Structure formats: structure tokens, C-alpha cells
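Right after this note come the structures.
Next, two complexes with chain A in common: one pairs it with chain B, the other with chain C.
Then we have the complex of A and B:
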């Protein structure tokens, strides 16, 4: 048996601290929710809540990929472009009359390739991840732009399946996208916390030297994280195309920063090896709530970005505050 | 003569370890004084108290007869104490002159006066008799020996009254060491007091005037170098053999097949054609001075360090090991002396830290990637019980554990993996005395189960108490193989690399 060294009391205290720490970002979300509901009654209406779920879905799914990359101490700035590539591929394939499921599969495969290439360049050639993904951000977006040019830079996405993804309700009157998020986060949660590979991600991110001496193939594990990031971007792109009902050259641009915001709000460190993907989900929710509230409240479009930024800074400060007081 | 610096009754305690107890130290101007002792004797702690990195729990420090408080590194610099650390503190991407004037740059208005700094840097190097160093070159182009000299020039340029050198010669050749001492002699003539820390007794005997010998945090002797010989110094350094560990069990037969054979392992300048055999059921000890190549050799075997040539055979079959995962596959596990940097995943739980490399054996079904958490937990609990690891629970973060328990966590990691060859580099560094004996017992019982245990240590007592067979390395070569037990004096002398001298009575 393991020996219990601390008294029950300190144990309790520490457990309380642990709860506050885990709840930190959750508390931020609750506080914001209450605040926004008080400011505009429409915020907490059922319709608007469904709207928020739909709005959060893209960032939430991107954040899955960004979390995995953050966990190994990396960064993927090409996610927005990958997402754009996937949306363009889906739309153009549908336009050419392809089966919708096959089209989606092609989107995922394409982004698996780009994501893995990112990983290989970063990990095998040892080039800084920010530089590499900044480069591939341009390259991938350029490639997709060439493709969309052939369709006069504007493709409508009209298909029963894509429409169902946007507006459909799967069960209990809840939008399909809600269940998509739940399923994807369950899968990634199981992957990270209940598989060998997930544990290795945390190990490689937390202490790469020790991981290498444990006999782990660090480069392979890290490369696979960039692959996951590609898959997440592909799914986000598909959903973006479904949500918008069309694809134009502005799709996905800047989305990688929303994902970074969500991940950082969720408390993941840039060093890697720390943090939880479920907190990232809450981070994404906060980003979506803030942006939704701004629209509802009728904030001037130019001022909106500024206010969103301020809200995010406040949320991060609050989060840091609770963490400091709990450790 | 009055001492320039005097420390009286200095004590310092870390959790579970009495690092220093009532240590007295007297330093005189114009002398080279050596602090002598084995690893963990308290040399570094004592110097860190002087430099203000640590503060003593009790005791007083006098400089020129006046009592002083040293509570920060800035304090010690103000009092005229300059330190050259073992790990050089130069910034490689700056020039020599910039390094020397780092933090006290000479300015001309708002602009840096580079010309003047270069000039002064050149002058201070010349004063030390150091030539052939272009002060406008980046530090990274110079050899380790030259960097050492630059570092000394940097410390000297603030005119310290006391200059402390922490193992400056560990990485230097004999020629470089001689040149270093020529410079130190010059400084000595200027009335600077020099404190010299080294493991190489020959150097100490040859160049120092006096010495303070520490053993387990206590002063065992103050000596004048012209009055003692190396053997007497060694005697003062070694523990009395009270209450020490004794092997209960040793292998008798030597007719077995070697499990692991190394032949002609070579790495330029580090390991010089080493061949040896490791047998199952034995504890094989490797020892030598710091930098004699014993740890690099085993990092090569583990695939953590590349080699230039040489062959590794396991059970008589030649194997290719190019990375640690190869080594693990062939049944070799390595535990390094840097637990924090190279062993633990501090933010992860004890359970994860134990089970990480073995997780693939805990799948729910053969082709399902999901893991069976309860089976992992049970098997970690068994190991924790076997090695009596003290922790709050398996899901506590491993960084909260004490050094000894962290070490046991890493041992249990490789036990779970069921490897045949376990290599321990400095297994008890940073571990308190109680846990030390426990770890020795664990090593012994592992050997009795037929595993091949390799212990690499600079602690001669440890090596003697544990090993069935001892390889002594000097300058990258195995200088001596001891198949029979020996006494500490012989071992200490062999490590110094002068086997032909008949010092032993």
C-alpha cells in the first residue's frame, strides 16, 4: 500500500484548491454567461443558445487540432488555410457532381497530407514550427485559391447532407452540430487520456529528453499531432462550407488565431505537456459567446474586434488569478 | 597572519540531508586553498553559501575580521568574492569583450564604447598572460580551455579578493591545466586568495598550498599540502565503514555466458576503444573521475549518444543500437543522473511515470487502442509496494515526491517493462541516506533475480559496496578491471590514474 503522509485536513484543502483550479475557466464561462444574459434578455433564449452552439462548432473543432499541437509544444498557423482548402475541395467536388461522402473523404485525405507534411518538415528537418506553418499557410491558401478561381471564386454548396449538417436536429431538438462536437471531443478525450499514444503526446510535450530516453519516437509522435491538426482543419472546413452554404476566398482566414485563443483560454501552456482538451472546449465557448453577444448587443462592427480582444484579455487575467490563488 | 575570510560553524540542512555541519574554513591572502571531498561531501554547498546562492542555517562569516552577511550573489560580489562555475556562464553569441564587460558596459554618452571595452579586455587578458585570444571574436569559436581562461579574466576584471574555481580542470588537458595554474600563481602573487575545487588529487597536491577536507558535510582535516601525501588525503576523504551497506548475496560462479559484450567502443576524445563483458546476476560497477568517459560509454550503449566505431553483442549476437528505442527493444534500460531532465515527466502522475513505456501491454483487447486503467493501476501498486515507494496516491503528480522516491519510480518503470540489463548512472545522487540503502537493496535483489545491473558512479564507497566486478576508467579507457573486492584506498588511487605508483603501505 502507499503510505498516506498528509493529514486529512490538508488533503481536503488541497482538493478544494484543485477544484478551483479545474473550475477556473469554467467559472469564467459562467460569469460571462450570467453577465451577457442580464445585459440582453435575448442572449439566453433557446434560439440564440442553439446559435452559439453552431457558431462555436468550427472553432471548437479547430481547437482539437490546435490542442494536440500545443501539447507537444508546437504551433500550427496553417489551420485556417487547411480549413479553406477543405471547404473549397468539398464545394468544387459537389459542383462537379461527386458523391458528398466521397467529397468529404477527399477533403480529409488532402488535409491529412498537408498536415503530415507540416509535421515532417518541422520534426525531420528541424525547422521552427511557426516559420514552417506560416509558409504552408500561404502555400495551401494559394493552392486553394487557384482551385476556386476556376469557379469564379464563388461556389454555392447545395446538398441535402450539407443542409442537414447546418440546420438539422438529431435528437431532443438539439442541433446536429452539437452532437458532432460531443462525439469529436469524446473521441479525442479517449485518445488523449485512455490510449498509449495520448500518454506519449503528454510525455513528449512535457519532457522530450526523458521521452526519447524512454524509447519513444518523438519525431513520429509529434508529426502525428500535426496530422491530427490537419484532420481537425478538414472537418472544420467541411462544417464551414455547410454553415455558410457557399465558399468564397475569405473562408477560414484568421481562424487559426481563434483556435489559439480558445486553447490559451483553456490554460494550455506554449511549452507543451500540460492542459486539458475539455478546458479548450470551454475556451472556444467563451470566444463564441463574446462574439455572439457583441452582435446581439449591436456593437459597431469596427469596435467589435477591439471589444472582443479586451474581453479575451480579461478572461485570461481572471483565469490566471484563480490559478495563482489555487497553487 | 590573519585570515582574509573566515567561516565559523556553518551548518546547512536540506530536506532529509545534513549538507554541512559546523564547518570552519579559513582562507589567507596569497594562497591557493583547496576544498577536497567526494561527491556529496558538501563542497559545492559550502561554495554556494559563499557566493550567496544559499544562505546558511547557522554560522558566521568574517571578512578581514569583520562579520558580514551574504544573502545574495550581489552581496558576495560586493564583498570581493568572484566565482568561476563548473558550467561556464559565458554567453556564446557575444564577443569576448562583451562577455567580460557584461552588465557593466562602458558607455560613451548613450553609445557603447566598443573600442574602449575591447582595449581593456585585451589588457586584462594580457595581464593574465593570456595571448592568442581575439577579444572581438564570439566566444563560441574558442575551445573549452580558452573559454575557461576568458571566464577567469571576466571574474578577475572586477578585482576580487577571493577567487573561487569550481572544478576548472575537469575538462582540461594536462597542458592546459599547467597553463591555468601559471595564471593562478600570478594572481596569487598579487595577494588574491584562490579557492580551488577539484577531484584530481595529483593536481591539488602539486599546485595548492593548503586544503580543507570534507566528508559527509563535516571537516575532517585542514592540511598543508607540503606536509601530506595523496594517500593521507584519501584517508581523510573516505567514510568510516560504520553502518554502511553490505551485500547479503553475491554471485559465485563466473563460468556463465556474458549477456552483453562491448568491443572496441570508440568516440573521438571521449571513449577510447573500450571492451568489456556484462554478466547476468551480477552488479558491474564502472567508476572513474568526472569526465573519464564511463557515463558517455553507457549512453553510447543505450543509443543516446552516437559512437564512431565499435560493436555491441547481446547473448553473442551482434546488435545495432542507434536510438534508445532500439536499446529498450534489446532489453536495456538506462537511468541517468539527471532525474529531472532525463527521467521524470514532472507534470504527469506517478502512475503514468511508471507505466508509460509499458502501456501497450495494457490494452483492453489486442487490437483495441484503449487501455485498461484498473490493470495498470494494480500493476503499478504492486511495484510501488515492492519498492516501498512513498507517495500520496498513484494519481499524485510525480514532482511532489522526494528524490529517493522519484528514483524508485524510474526504477519501477523499467521493472514493469521487464528488461534484462539495467544501467544506473549515479543511482543515489540527490537521494538521502535512508533511501540510499533501500536503493542498494533493490539493486541487489534485481541482480539476484538474474538481471544484469550496471552501476556507474564516481562515489567509490558506493561502487565498492555494490559491485561484483569493477571497471575503472581513466581518460576514456578501461585502466583496470577488478574481479576481486579491494579496499577504498586502492580504488581511489586507481581512479586517479597512477596504478604503478606503490603508495599503499
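Then we have the complex of A and C:
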């Protein structure tokens, strides 16, 4: 948590610093956008911009969960698998003729369960988050693969609602997914900055001992963050299934790294307790723009992975040398 | 309680983490031997050691990293990258020695780069090695186009071919050598002492005059060197640089080290614990492979068993600490 403000002046100063930091990452986004537009003419076409919005939606929603987990000083590497589980559940339930809204609810509930289980194992048993989520990544992906193999590993998602989520335009000619992102980020922003729970997250992440002495139930708050990460993964999985129109075993693999990149680019530190979820959104936008640009430029998928990894490295270095704290 | 009985109880409690993992391994053996009577045959046990030679070598480095309170997620990807580089160099020049030098050299280069960023750049090891895990695998698959490169070299094959009986080959010697070096470094040198000190409390170690940055650098560089050796071992076993080489190695190594009872927060640990953890992981992966399951079921079972074993190990550790406290109070 930020230090106690003693006067209006320091308040102003801190705000100014915050604005500068936000502007830094925003400037990076703008520069990249201009650069990519100059390099490929198709990049800034209206069609492609809508495409980027759709692409960013998955990373942005995953990043919400990853931000909450980063804020408490953890990491959730099972998000990609959770996302895959949710997509498989949605597709298989639709295939079996379930109501689409009930199917989505089931997806969210399933991922709430897996996310909470992660949280309980990590926080109640005090086992390192990286190792637990690596293990559950394997288990959850296995579970979803067992499910999808009953449908010969390939399920088409055909439903008016899912098609609307992919191609629908809600207002002003903007895609529905654009509004979904805005609504979700507003909700999470209100949760983090306008409720007690949000303040508790920052407090627990910033100084767990102090928070415990203040009487916070650290384990419960941290577990809830992993639950939020599960919900975010479920929503991302639903959107991925809608966007692709089918689900196969490669859905969601590696997406947790995109989320990590977005969060790190947004300036959050692994120590927890610092950072803003809105900067994460800009980070997600950058990740999506780069991914989209590389697809347009015809870069091999493996080299795209390579670039993702190098980009995390660059983001960390960027953070390290522009901000006071170390990542 | 008589003094003798108390001595026994104290010893049992002291080694309870190792006993727990051995007990879990015994349960695994009982389960697998029920399904497959040949599970404990000499040939299968030999097979387990030979197949997991690379994992054992990597785990030596990971033990150091974990004891120093860090984490290394890059080993699996480094193995695939160095193996592919070796394949490419061998295909281009036909000289295996050049390939082997490339293998070790690239592993050392990348790991020292990571080590410098971690130690001197003061960046969290998890995020640095995570990024390395992603980009190294991507680069490896990119330069080979996801195709396997055969490395038909008699020199390289000799690492795997047994020269005495059916068991003794250079792989086995390398495994013993790496383990021995690791044990010596950890228990008989300043480097090992400093590693434990850093894991316990880095700032205190620094104040006590330890060059913590250099030691940290050394730990990650050592882990990188071992990864290079492991890559050669795996390459000679498989005979070609395939895309799946070293897949999940980093996770297996970290889990083996932790499941054996070494603390991930650092400060304490031993090679006995790592060996017991390795025994569990090797039995698990070999046993699951002999059950003729589908990939998906293997993932599910492996993930769940690992999580359960971690939880049991953690629980036993909590009980151990409580009993130790009780025993100390009675004194």
C-alpha cells in the first residue's frame, strides 16, 4: 500500500508521478500503433482494428484475474488450462443441447471451483503458488482433454448467442466485446478502488504481516483472488470458444503467458501490493497489437512464441529501469 | 520416556519428510506392481534411471536454486534449444565435437545472461526464467520448423551405449558425477554454505560479508551448465533433436526437489531429499507410462497425484515442526 499521505502537496506529487508512469506505458502503445500502421497498411484498417479489439478481449479479461493474483504477490499459471476447461465445457454442453446461458453458468462455476481449490492449496497449506498452479495446470488440462476426447477432440460451437458475441455490434457500430471489456474493467475497477475488499487486497499484497496484525483474514482474501482469476479464465474461455467457432485441444495453451506479459507491462511487481488494473489493460492492448501485427506480417507461430518470451523480458527491464521498485 | 526411546523418536521426527516421501513412493510401487508385475524388475528399474538421467542431472542444479530461495523454470526449454542447436550445427558441419561445444556453450551463455539479470539486475528469478522458458522453446521450434533433426553420431551414441553389463554407460557415470559434485559443493565448500545463507536471509548474508550477487550468479550459471550436460545426455538417448525433448523438465525438476522436502522458500535442503523426491517422480512417470493410458488421462492423474503428494508433504512437515517444538519444550 502507498505510504500515508501527510499533506496535499505529496498527494499532488504522487498523482503527478502516477500520471507520468501511466503516460509512459500509454506512449509505448501509441508509438507501437503508429509504427505498425506504417509497416503494414492493413494494420490500421477498420476491419483489423475491430479484430484487435476482439483479440484483446481474451488477453484483457485474463489479465483482470492475473492482476488480482499479482496484487497479492502470487501468480496463476493454470489460467490457460482453466480457460480451456471452460471452452470445452461450453462447447460440449451446447453439443448436448443445453441452454446456452446455463452452459455459460456451468463454465463459470467449474472455474470458480478450480480457482478456489488453487487458492486453498496455496494459501491454507502455504505451498508456493508457481508450483501449485503448474501442477493444477497439468491436472485441469488433463480433465478437459478427457472431456473433449469424448467428442473426437473437435467440437463446433454453433449457437446464435455465441455468434452474436463474436460478430455482434451493440452500439455505435462497435463490437459487443468492446463493451464487455469496458463493463468488466469498470466492475473490477470499482471492486479494487471503491470497496473494502479492494483495499484489503492492496494491503495484504503490500505488507501481509501488517495486514494480519490489522485483523484481516489474509488467507481468505488471497483465496478469493484466485477465485477471481478462475472467473476471469472462465469468461476468457467462453469468449475464445465463441470467437473460434470451435474448440480443439490447442485452445488456451500459452495464454497465461500473454496475461503475465500484459500485467508486467502494466507495471505490476511480483512482490504485490502495487499497480493499477487500468495500466494492465494498456499492457493487454500492446500484447494484442504485437500478436496481430506478427500475424499480418506472416511470422511463424513458433517465432511468435519466441517474441512473446522476449517481450516479457523487455517489459520487465522496462519496469525495472523506469520505476523505483524492482520487479 | 527413556533417553533411548526419546533419541529414536527425535531421529524419526527429524527425518520425517524423507520418510513421508519414501512412504508415498512405496504406495506408488504397490499400486503399479499390482497392475504390472514387471514394474520392479531389474530391466525396468535400469530403464527408469536411464530414461530420467537428464532429469536427475537438472535436479542437481535446481536443488541449489531452490535452496537459495529462487526458482528456475528455464531448464526444459534450454534443453530443447541446446539440443536443436547441436542438431543444426551437426547437420551443417558434420562435426559432433563442435556440436557438443555449441550445446554446452549455448546453455552456459543463456544461463549466465539470465543469472546476470537475476543477480546484478535484481529482477525476480521466476519472471526471468519464465520468459526464458517461453522464448527459448519458441526459438528452438522456430529454427527447426518443429521437425526433428537426426544426429547420427557414434561419439554421441557412446554416451548412452552400455560398455559394461547392461547398466554402466557414460550417462550413468555423468549422473553420479553431477550428483557427487553437487553434494560436495553444497556440503563441503563455502559456496554451499553461502547458498544456504542466501536462502535463509539474503540481507543478513550480505551484511555478514558474503558477495551475494556473485554467489547467486554462480548458482544460476552452475544450473545452466548442468542443463547443457542433461541436454547432451537426452540427445544421445533419443538420437535426434525432437521438439518434445525436455518438455516439462523444469516442472518435474522443481516438483521433485520440493516434494522431497526441500523448502521452496530456501535456507535448508539436502541431496538426500532431492534423491527421494526424484525417486517418487521417476516412479510416477514410468508407472503411468506403463499403464497404457491416453495422454489426457496421464496429465490428469499426474497433476492430481503431484498436488496431493505436495499437500501430504506439507502436512507432514507441519506436524514435524510441531513435534520438534514439543520435544524441545520438554527438555
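Everything below uses one rule, namely that the second predicted complex is superposed on the first by the 280 of 327 C-alpha atoms of A that agree within 3 Å, B and C clash if a C-alpha of one lies under 4 Å from a C-alpha of the other, contacts with A are read in each partner's own complex, and residues count from 1 in each chain.
In this section, a residue touches a chain if its C-beta (ideal position, glycine included) is under 8 Å from a C-beta of that chain, and two chains touch if they have at least 3 such contacts.
As the structure is a computational prediction, the values presented were derived from the model and not from experiment.
**Q** Report the partner of chain A that touches more of its residues: chain B or chain C.
**A** C
**Q** Looking at A:187 after the superposition, I want to know if it touches chain B, chain C, both of them or none. Which is it: first, second, both, neither?
**A** In the superposition, A:187 contacts neither chain B nor chain C.
**Q** Does chain B (first) or chain C (second) touch A:31, or do both, or does neither?
**A** A:31 sits against neither chain B nor chain C.
**Q** If we overlay the two complexes on their shared chain A, which of chain B and chain C does A:274 touch? Say first, second, both or neither.
**A** first
**Q** Would you check which partner chain A:210 touches, where first means chain B only, second means chain C only, and both and neither mean what they say?
**A** First partner only, chain B.
**Q** Just chain B (first), just chain C (second), both, or neither: which does A:246 touch?
**A** After superposing on A, A:246 lies clear of both chain B and chain C.
**Q** Tell me which partner A:202 touches in the superposition: chain B (first), chain C (second), both or neither.
**A** A:202 contacts chain B only, not chain C.
**Q** Looking at A:113, would you say it contacts chain B, chain C, both, or neither? Reply first, second, both or neither.
**A** neither
**Q** Which parts of chain A are in contact with chain B and also with chain C?
**A** On chain A, the chain B and chain C contacts do not overlap at all.
**Q** For the complex, give me every residue of chain B touching chain A.
**A** Its residues touching chain A are 302, 304, 323-325, 327-329, 334, 336, 341-348, 352, 356-357, 359-360, 363, 369-371, 373, 381, 384-385, 389-394, 413.
**Q** Touching residues of chain A toward chain C in the complex: what are they?
**A** The contact residues of chain A facing chain C are 75, 121, 125-128, 130-132, 134-143, 145-146, 148-149, 254, 257, 260, 264, 270-271, 300, 302-310, 312-313, 316-317, 320, 326-327.
**Q** Would you mind writing out the residues of chain C in touch with chain A in their complex?
**A** Going through chain C, the ones touching chain A are 71, 73, 117, 121-124, 126-128, 130-139, 141-142, 145-146, 251, 254-255, 258, 264-265, 294-304, 306-307, 310-311, 314-315.
**Q** With touch defined as at the start, can you tell me which chain A residues reach chain B in the complex?
**A** 1-6, 11, 190-191, 194-197, 199-200, 202-203, 206-207, 209-217, 273-274
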